[in-house]
Amino acid sequence: MSRTSYDRYLTVFSPEGRLYQVEYAFKAISGSGHTAISVRGKDTSVVIIQKKVADKLIDASTVTHLFSITPTIGCVMTGLIADARSQVARARVESTDFRFKYGYEITPDALARRLANLNQVYTQKAAMRPFGIAMILIGIDPELGPQVFKLDPAGYFVGFHASAAGQKQQEAMNHLEKKWKKLDNGRGTDDPIAAGQTLGRDEVIEIAIEAISTVHATDYKAGEIEIGITSSSELEDPKTRGKWRVMNEAEVEHHLLAYAEKD
Amino acid sequence: MSRTSYDRYLTVFSPEGRLYQVEYAFKAISGSGHTAISVRGKDTSVVIIQKKVADKLIDASTVTHLFSITPTIGCVMTGLIADARSQVARARVESTDFRFKYGYEITPDALARRLANLNQVYTQKAAMRPFGIAMILIGIDPELGPQVFKLDPAGYFVGFHASAAGQKQQEAMNHLEKKWKKLDNGRGTDDPIAAGQTLGRDEVIEIAIEAISTVHATDYKAGEIEIGITSSSELEDPKTRGKWRVMNEAEVEHHLLAYAEKD
Amino acid sequence: MSRTSYDRYLTVFSPEGRLYQVEYAFKAISGSGHTAISVRGKDTSVVIIQKKVADKLIDASTVTHLFSITPTIGCVMTGLIADARSQVARARVESTDFRFKYGYEITPDALARRLANLNQVYTQKAAMRPFGIAMILIGIDPELGPQVFKLDPAGYFVGFHASAAGQKQQEAMNHLEKKWKKLDNGRGTDDPIAAGQTLGRDEVIEIAIEAISTVHATDYKAGEIEIGITSSSELEDPKTRGKWRVMNEAEVEHHLLAYAEKD
Amino acid sequence: MSRTSYDRYLTVFSPEGRLYQVEYAFKAISGSGHTAISVRGKDTSVVIIQKKVADKLIDASTVTHLFSITPTIGCVMTGLIADARSQVARARVESTDFRFKYGYEITPDALARRLANLNQVYTQKAAMRPFGIAMILIGIDPELGPQVFKLDPAGYFVGFHASAAGQKQQEAMNHLEKKWKKLDNGRGTDDPIAAGQTLGRDEVIEIAIEAISTVHATDYKAGEIEIGITSSSELEDPKTRGKWRVMNEAEVEHHLLAYAEKD
Amino acid sequence: MSRTSYDRYLTVFSPEGRLYQVEYAFKAISGSGHTAISVRGKDTSVVIIQKKVADKLIDASTVTHLFSITPTIGCVMTGLIADARSQVARARVESTDFRFKYGYEITPDALARRLANLNQVYTQKAAMRPFGIAMILIGIDPELGPQVFKLDPAGYFVGFHASAAGQKQQEAMNHLEKKWKKLDNGRGTDDPIAAGQTLGRDEVIEIAIEAISTVHATDYKAGEIEIGITSSSELEDPKTRGKWRVMNEAEVEHHLLAYAEKD
Amino acid sequence: MSRTSYDRYLTVFSPEGRLYQVEYAFKAISGSGHTAISVRGKDTSVVIIQKKVADKLIDASTVTHLFSITPTIGCVMTGLIADARSQVARARVESTDFRFKYGYEITPDALARRLANLNQVYTQKAAMRPFGIAMILIGIDPELGPQVFKLDPAGYFVGFHASAAGQKQQEAMNHLEKKWKKLDNGRGTDDPIAAGQTLGRDEVIEIAIEAISTVHATDYKAGEIEIGITSSSELEDPKTRGKWRVMNEAEVEHHLLAYAEKD
Amino acid sequence: MSRTSYDRYLTVFSPEGRLYQVEYAFKAISGSGHTAISVRGKDTSVVIIQKKVADKLIDASTVTHLFSITPTIGCVMTGLIADARSQVARARVESTDFRFKYGYEITPDALARRLANLNQVYTQKAAMRPFGIAMILIGIDPELGPQVFKLDPAGYFVGFHASAAGQKQQEAMNHLEKKWKKLDNGRGTDDPIAAGQTLGRDEVIEIAIEAISTVHATDYKAGEIEIGITSSSELEDPKTRGKWRVMNEAEVEHHLLAYAEKD
């Protein structure tokens, strides 16, 4: 029997045990034309994504794939942007509920778990399609330090040292892995992961910029990429230390220049 | 497998990750026979659209694509006009709720976000088709000045310096972009966007009239177009300053004449 | 892909962005075998429609396409008469609710808007077909004078100086437009619309009779047509001035004679 | 596209604007094998229908197509008899509600209108088929005198001077119309309808008997037909004057004999 | 179009106005392999049916098609026995409700009418199939004496002097009718129905036994048939007079012997 | 039309009046690979079934087809074991409800009737499939002594002297019937059923063991069969007299040996 | 008729009495690429599963198939990991409810039974697919000692001495059975099961490691497998004795070494 008989039914297994609607939701992500990259280091997590302004007359300040969820947790979304907004709205409700119930801010992994459960439900129930988005969530865990979690339409989430989602997800992951392999040189450890955990704030930013530039073979200008960051580094302004924030264009410019010079 | 097997199912992804019903809703807009254009400047946002009175005996005063939502926010709708009314009714409820809850008027971007979420839901749930309309929302944000937002059936919205929707959306966007390129001449800036932000009330109106006239290659008469405006300019009567209003025919006539003379 | 795959699904767009069920509901109206015509003047709105008594033994007094909604608003319905009754019942409820909430009678345009929203919902939701009727609503607005609104199954409504619905809608509209063109002769205005707004009560009635007679090429007898009227003219009996009423046969006879003599 | 694609969907218009399920419900009526006839006169309405006792051992007293609804309103049902009972049950509830709310008995036309609205709903909603029955309702209106209303599955109702439903509806209507044409002879009016309104109680009964006998070309015996009557005639026993009642066999016999003798 | 397109839809008319699911429910009855017969006389109603014990090891005392509903009303069910139990349970609830509301026992015809309405609903609503059973209800009406009502899956019910249901319904009805024709001999009436109403308790039992024996051409033994009875005859034990009861095997034996001897 | 068009619709009759889903549920039982046998005697009912431990590492103590429902009622289930658990859970709720409402334990036949009604509902409603299990229920009725009831997916139940269910149901029933035929030898009765009612506790157990051994042509070991018993025999330990219990392996061993020796 | 007509309907039996969706859910498990193994001994139960970190940059600490449910019960999940989380969430709710209602911790078998009932419901109801996961649950029962239960998508659960689930379930079971056969050597019993019940904590761990290593023919490193354990052994730290815990990498390393040396 051909694949086609199963894939229109939202909650049905195919004879091979596959859930086609979930798989097609992944296509909605890779077909979205954006690549999001996230990197974490010693005290900092960043997300970076292209900022494509389709029409020149669009008010660029209203175009973003970065969303704040709590004062300390933010995310980058790839896929159907309308679905993204809906998931972000839900994430905010969940965070607020958590703070109200327990009296302290939700941690990044608790939030990721709750949203993942939500996504799973859409893959099991009739009458709703799964969300067509991938979400990379960053934040600083009071105990574990900087975090990066990626959620997918299937309701699966996992933490990363560095991750990517969207159109060039595979190329970006390859690049990051190669990068990590060479990371241990001169860091007093030959475990790349451990080495990764020594990365300072600016190194983390640089790696993210390098990754997106390399994968798309483009020298981005400040208005063409967005960078979200949470950092407890001393390099960070005390006012925003530990908080989620989106860099302004001047700051992006500064880091692009630093990367270009080094290059 | 052909496209046709997916497009009747409201909440189902096609194998390529597409949502066909949403795409067909866009066709309902481009097939509607109207083009809406919106332009914003230093202190003013306007929307302009053709006023087609299908039968000569229609009471022209009852035909409009312009709707007020709050005293300070208005919109132009293109697509299925019956759907438009429904969305406008909803927008009014949302605005009233907001004012009731928070004690002040909703801002244009907050309203756009809420309506976009509403539209997204129709693309995910079974049993309701998406709205067949595009909405361009204008208003003056107390902090950000004049605003233009465009919402589509997918639940996507974004801000614009100048925008268009409907039958000749593409031609209108092209025209406006060309216009913007030449805008910086003699404005003390060579950034067209920044230049755009210096446009005065009458310039904004003129650009809108020029755009719709050029795209449709028609010299419109006062009864053939509608103009909605929100302006905090001193040119604006203090009573309506900062408010949404629809120009009366005499005022439209005045601006058409000014444009014709200049031309 | 052929049209036929979409038109059985109530809430689904076809690939061209069309809603077939709504279009078929229009066919139910044009196939109904009746033509309704409405004309408004300075102080009077009338509706006229054929009164066809299918079987000779039908109690003609129980056959009507005219319905009162409030003391001052009435309507003529064309299409599926059973659907018509349902919409009229709803209109009465809406009017009563309005009076209860706001303490004064609903105006014709407010009523038309509410009913149009109701019809729109049937085009968007599954599980209900759209109404198979067109409604022409007349009434006298305290501020705007006599009104004529036409609602269709799609949830669209608009005001008219003169309108028609049903089997010969197109022929009737053509006739009325030609009539209007010649209307300005000797009325001190060369704007037909303005001229139309000077029409007195009896002129309005005469135009309506002329239209239906011409379109159907029939000299109607008093029992073969129904006339509904709202008039604030001094010609109107003070008791019924400003009220909706259906003319009795003697009065219809009187106006038919007047028309025949003039002719 | 063939008819067959639309007719299984309860609430869907065909491309020609038709509702097939409603049309098939009419077939259920004409296929039921019974013909009901109703006649009204000056002060009397009667309904007559064949009483077919399928098996000889059926307790004939339990077989009937006549039902009382209020003390003064009764009806004859043709079509699916199980549906008939359901509609009758509903009619009784509506009448009781009316009396409870308004303090007086529902009039025949008000009852007919309420039941018609109910039937219309079944033609618009999914999940319920329309009733497969035609109902002829008789009663004496305090102001309008004897009444005859016919309701159909579409939710349409209309009053009659004389009417028929069921298998030989068309033949019966033809016979009644011919009868009416000759009715004015020697009644001081040449308007058949007016003449019809002078018919006395016994004439009305005779016309009903004649109609059913002629249409079926049968000389019925007392046990083979049922007659329901409401009469304010002085010929009526004061106890039952103005009330709905079903004639007993002796009375039916009496009228059959009278008719036979005259014949 | 073939029959097959309509018969899977529970609430849909076929183009000929038929309801196929109801017709198939009748097949479930005739295919059940049992024949139920009921006879009533002057003061007695009985029901008789075969008692087939499929496996020899079945506890015959738990196999029955006879059910009591109130102390004075009982029934015999043919068709899907699981459906039968469900209908019996419902009948008991209805009877109890009636007694609670009105303070006296429900009469057989009132009960039959309520259950028939219930069955009709299943033929009109989606989501439930009709019951696959025929029910013959007997009881003694305080005013009308012994009663026999038959209900079918369509929601139709009617009273009988003698009736049958199930596999050999037609043969049994034929036999009973022939029997009735000869019944008037020597009873002082030549109306078989009137003659039937003079039948004494034992005659009624004998006719029932004769009917089932003849139709199945079998000399039944006491354990092979079940007899339910309600009798106000003086032959009946005062304790059970007017009550529904199922005869014990000894009593059945007694009547079988009486019948055999006579034979 | 072929069978296949009806059998996927849960609540639909086929043209022959059959309910295919119910029939397929029976297949789920016969395909389950187990045979359950039940025998009752003077004062004892037993159930016996194979205990197949699919994997050698299964904890055999957790594998069972025997379930207790009340302290005095137990059952053996064959078919889909997951469905069995669900029905057992329901049976316990029903029993508890009964005791709570009436103050005494439910009797085996009352419980069987309630569960059968429950099963019937699943055959009539859409949206739920019937249970794929057969249940044999045993218990001691305070008045009627030991009881055996069998329930099937159709909602049918009946009492038995001895019964079987599952894969070799037919062979087991044949064996038991033959056994019963020879049972009367030397028991002072030539009615096998009456003879069956004189069987003592150990005889009942022996017959059950013999039946399952013969039908499967296997000499079972203690760990390979399960025996459930309720007995009011004096052979039964006073503590468990009248109670449902599952024999431990030693006791099963004891009876197997007794049977083997006799053999 | 082919299989394919049944397998898209969640709650429908095929003509052979099979439930295809449940069978496909099993495929989702075997296709998941993981094998879970569980072993229990005298005082200890362990679960072991591969830890595959798909991308090198994944934060390995967030990847796990082991979940705690209560302080004393844990589980390993194989199949769709998003479904696994949902089931674990449910298990926690059930456990908490239990403790709240009864005042003590739920036992492993009670928890397994509740979850199995939950899974069964998904196989019977429309609108939800079954969970695509297998769950192996371990815990120490206060009375029965260490427990291992396996639940499947059908709603079936059973206890084990040693068990496996997932991709190489069959190979693992074969290996474990062979292991058990040789287990009795020198343990004073020739019943392998009894012998198994004498296994000490470290032996149990060793058998689990051996099984997974053998089946996958891989010498795992500490980071490549996960081990969950509950043990009341004296070898266990008093703080964690009787509790569920996941071994840290050092401890896994230690046991891998012990196994390698022995080997």
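A, B, C, D, E, F and G are the chain letters, set down in written order, and residue numbers restart from 1 in every chain.
Going forward, a residue touches a chain if its C-beta (ideal position, glycine included) is under 8 Å from a C-beta of that chain, and two chains touch if they have at least 3 such contacts.
What you see is a predicted model; the values in this text were computed from it and never measured.
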Taking contact as defined at the start, I'd like the list of chains shared as neighbours by chain B and chain D.
C
Output for shared partners of chain A and chain F reads G
What whole-number Å value describes the gap between the mean CA coordinates of chain A and chain E?
73
Which integer distance in Å separates the CA centroid of chain D from that of chain E?
33
For chain C, what residues touch not just one other chain but two or more?
126-127
Touch graph across the chains, line, ring, star, complete or other?
ring
Chain order, ring traversed from chain A with chain B following:
A, B, C, D, E, F, G
Where on chain E is chain D touching in the complex?
1, 5-6, 9, 11-19, 109, 113, 116-117, 119-121, 123-127, 147-149, 154-163, 173, 176-177, 180, 192-193
Quick check on the complex: what are the chain B residues that touch chain C?
2-4, 7-8, 10, 20-21, 24-31, 55-63, 80-83, 85-86, 89, 126-132
